[in-house]
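Next, two complexes with chain A in common: one pairs it with chain B, the other with chain C.
Let's turn to the complex of A and B:
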């Protein structure tokens, strides 16, 4: 961890209007929860559906994309990263710091709203709020690492990230059961299922697969990104 | 005293060769890297700064490899051409962050800020700065750790004359103090005024090397091509070809084209001949005076 790198990254992510990019979707989730509560849709099945489709299915990957790529890709794109790279700091340290920043943003902008939204609907019933909050926390960390790596690997990080979340996890995962095994969203659901006793929540990736997979993907992505940044070529204007 | 050494360094992007088999040693003092736009100056600087891997050859700083070695940044300060500065930081925050990334205290940042005379604007966001001010704040950021080696990519671009003079003074002083300084430029006058040593890069090749007198001489002592229009081109041509300074004369629709090997002799000869022959000169224009042709001449010769 390097505090200077962290503070510059936080400023870049949260400064001025940038924060709304992170805050808009979680606020929408909370707004939906409030509306459901007010108009009497606050039952367990609705809560689980909202968590599955919106909290995990939409907000989690999109925030992962915004936070994971946002902490590094724009800096590589406009060359400002030179300020950090031209200093006697190991590049894996820079990556690790950026990863911690992205993961902390995920915790603040996806875990907290997820818990609150579920709590608003059904309180602590069946451990749904806690289950999904924990699931989103670990999945958010994994997303942060993966999209950070994508941001270092390619200029088209957003396209790649959206393709993974929408096409692989969203579409292919919906029809091909095997693809679900390689889905961060499914791992989040496995964790949530473990902590929740709700009968409405069914997952088909075993926890014994999901947890090691999450750890390996997260650690692997951060290490790979660190090595990749060591060999990053920056081209001049010519 | 630090030395950057390139040995047969090449760098290509796909099929495009940006730097071709360059061998040079940059030692203490100020060195100017001169070349037209697109000659590969930025690529060469990036290779020296550890932001590009050589496709061939080796780049070392004090005999240690530059690529994939972040320890070199204790010795190197870099001022990139691209506006590599966070617009949302104030000038002070930018320089302070540079100092802290080097593990230095605020006094180092204060000193660097004073050195480039940016103290008055220190609390403004960098995005409100003019191009010249951004340039100076980047220089301050590169100087916080008082590096032995300073690399500057087109540092005088976008500066007003006063800022330019000030930075030139600073660069000269640092060079006189024994630092190793390399800056790139496409303007000969700029390089002449600051650098003792000049390296010329043309189309990715190391075209010439020497002090400014040497480079200046090689740039004027070359065949010049003039276009001359007069009241009697044919008579003038006959008289010109009789003199040794004219290498070739051809009669064209647009007038005479005269190639000369001896610039000074020819420029004295022409008006004298015209007067003696009673020929009116309507137009005398050099056709290849642009820097590009000077450069391509230099590169063709070496």
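Let's turn to the complex of A and C:
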């Protein structure tokens, strides 16, 4: 952890237009929860649907994408990362710092709104609010690590990340049950299922698979990104 | 004692341009054509060709499978009018990946005044970029549709050839292209950074996708069918499909039908007008700064 790098990254993330993307999506989630509540849809199945399709299916990967790639990809894109790399700070330390920043942003912008939205709809009934908040927290950390790695690996980080979330987790995961095993969103649902007693929430991935997978993916992605940054070559813009 | 000044003006052979001066329209056409090539990565690095060509290949995949099914099983696999809605994730990905390319670099490197020092006006610039993206998106949908149509003409199915469906789906493809291009360009033009542009376009799509699904599901389960049918129009793909259904009488893709009448078409026109207006204002501001 390097506090200076962390503070610079926070300023870059929260000071620009990016904060609007970060803040708009959770606000939309809360607005939809309020709307559903007003129109009388405040039952358990609605809450589970909203959490599954919206909180985990949409907000989580998008925020992971914005936070995970946003902490490093723009610096690599316009070449200013070279100022950071030329300082006597270990590159794995830089990556770890960026990861902590991204993970903390995920916690602030996705866990709190997820809990609030579920609470607005059904209160603490069946442990749905807590379950999904915990699921979103850990999945958000995993997303931050994976998308940070993608941001270091390729210039088209956002496109690659979206393809994973939209095509693999969304489309292929919908038809091929095996693909769900390798889906961060499904791991989040397994965690949520564990903590909630709701009969409307069914998951395909066992918790004994999801938790180790999440840990391995997160740690592995951060280490790989650190190694990758040690040998980063800066090429010109196309 | 000072010598008299000896400065000389040399004739360096500067010549005026006497050739034909091509018009404003020519410049706009050239820009549109160059942008269209650029969307598919033509004239750019090999790495920038990967994503558009990969997406184009994925778009063709169902058409190829459909022709194979028609030839072997004598059955129609994929309908014409549902093609764009079925492939919406791929189309949205293409829109998100490629529309920032059209607008972001010129804004980021502040080269707009260079374009505008030509006969080109702001309106021409915006129109050229818009037309390029519309044509690119149209090609993405029209080529697989036409392939299926040719396949259907060649393979002798027992059912009659669906000429009307093919042509109405081509009309629908034009509407899809116009709506998607206007939304994509308007969103992407608000940031000079490519990554952020991609993120905002895809965020818009995923947000509308999830919101329409949640509202549709909840309202349907509460028996409020008309409201549910309006709420699914939040997703631009279903909005255009509704226009297609009401205009050409195709089969609705969502399985439940859409609100009848001119409502969806009016919303579509409003969305396009708003997006293009925002795009034009954005560029008028960028041109003056």
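A few remarks follow.
Following the convention adopted for this analysis, the second predicted complex is superposed on the first by the 233 of 238 C-alpha atoms of A that agree within 3 Å, B and C clash if a C-alpha of one lies under 4 Å from a C-alpha of the other, contacts with A are read in each partner's own complex, and residues count from 1 in each chain.
FYI, a contact is a pair of C-beta atoms (placed from the backbone, for glycine too) under 8 Å apart; a residue touches a chain by one contact, two chains touch by 3 or more.
Here the structure is a predicted model, which means the values were calculated and not measured.
In the superposition on chain A, contact of A:171 is made with chain C only, not with chain B.
Of the two partner chains placed by the overlay, only chain B lies in contact with A:88; chain C stays clear of it. Look at A:194: by the touch rule set out above, it reaches neither chain B nor chain C.
When the two structures are aligned on the shared chain, A:80 is found in touch with chain B, with no touch to chain C.
Looking at the shared chain after the overlay, A:11 reaches chain B, while chain C stays out of its contact range.
Judged by the touch definition given at the top, the superposed model places A:231 against chain B, while chain C stays out of reach.
Taken together, the two complexes place residues 238 of chain A in contact with chain B and also with chain C. Chain contact summary for the complex, chain A toward chain C: residues 17-18, 21, 25, 28, 32, 36, 39-41, 45-46, 49-50, 53-54, 57-58, 61-62, 65-66, 69-70, 73-74, 77, 155-159, 162-163, 166-167, 170-171, 238. Those residues of chain A lying in contact with chain B across their complex are 2-5, 7-8, 11-12, 15-16, 78-91, 230-238. Chain C meets chain A in the complex at residues 44-45, 47-48, 51, 89-90, 92-93, 96-97, 190-191, 193-196, 198-200, 202-203, 206-207, 209-211, 213-215, 217-219, 221-222. Residue ranges of chain B in contact with chain A, taken from their complex: 13, 18, 37-43, 45-46, 49, 51-53, 68, 70-71, 73-74, 76-78, 80-86, 88-89, 94, 97-98, 100-103, 141-142, 153.
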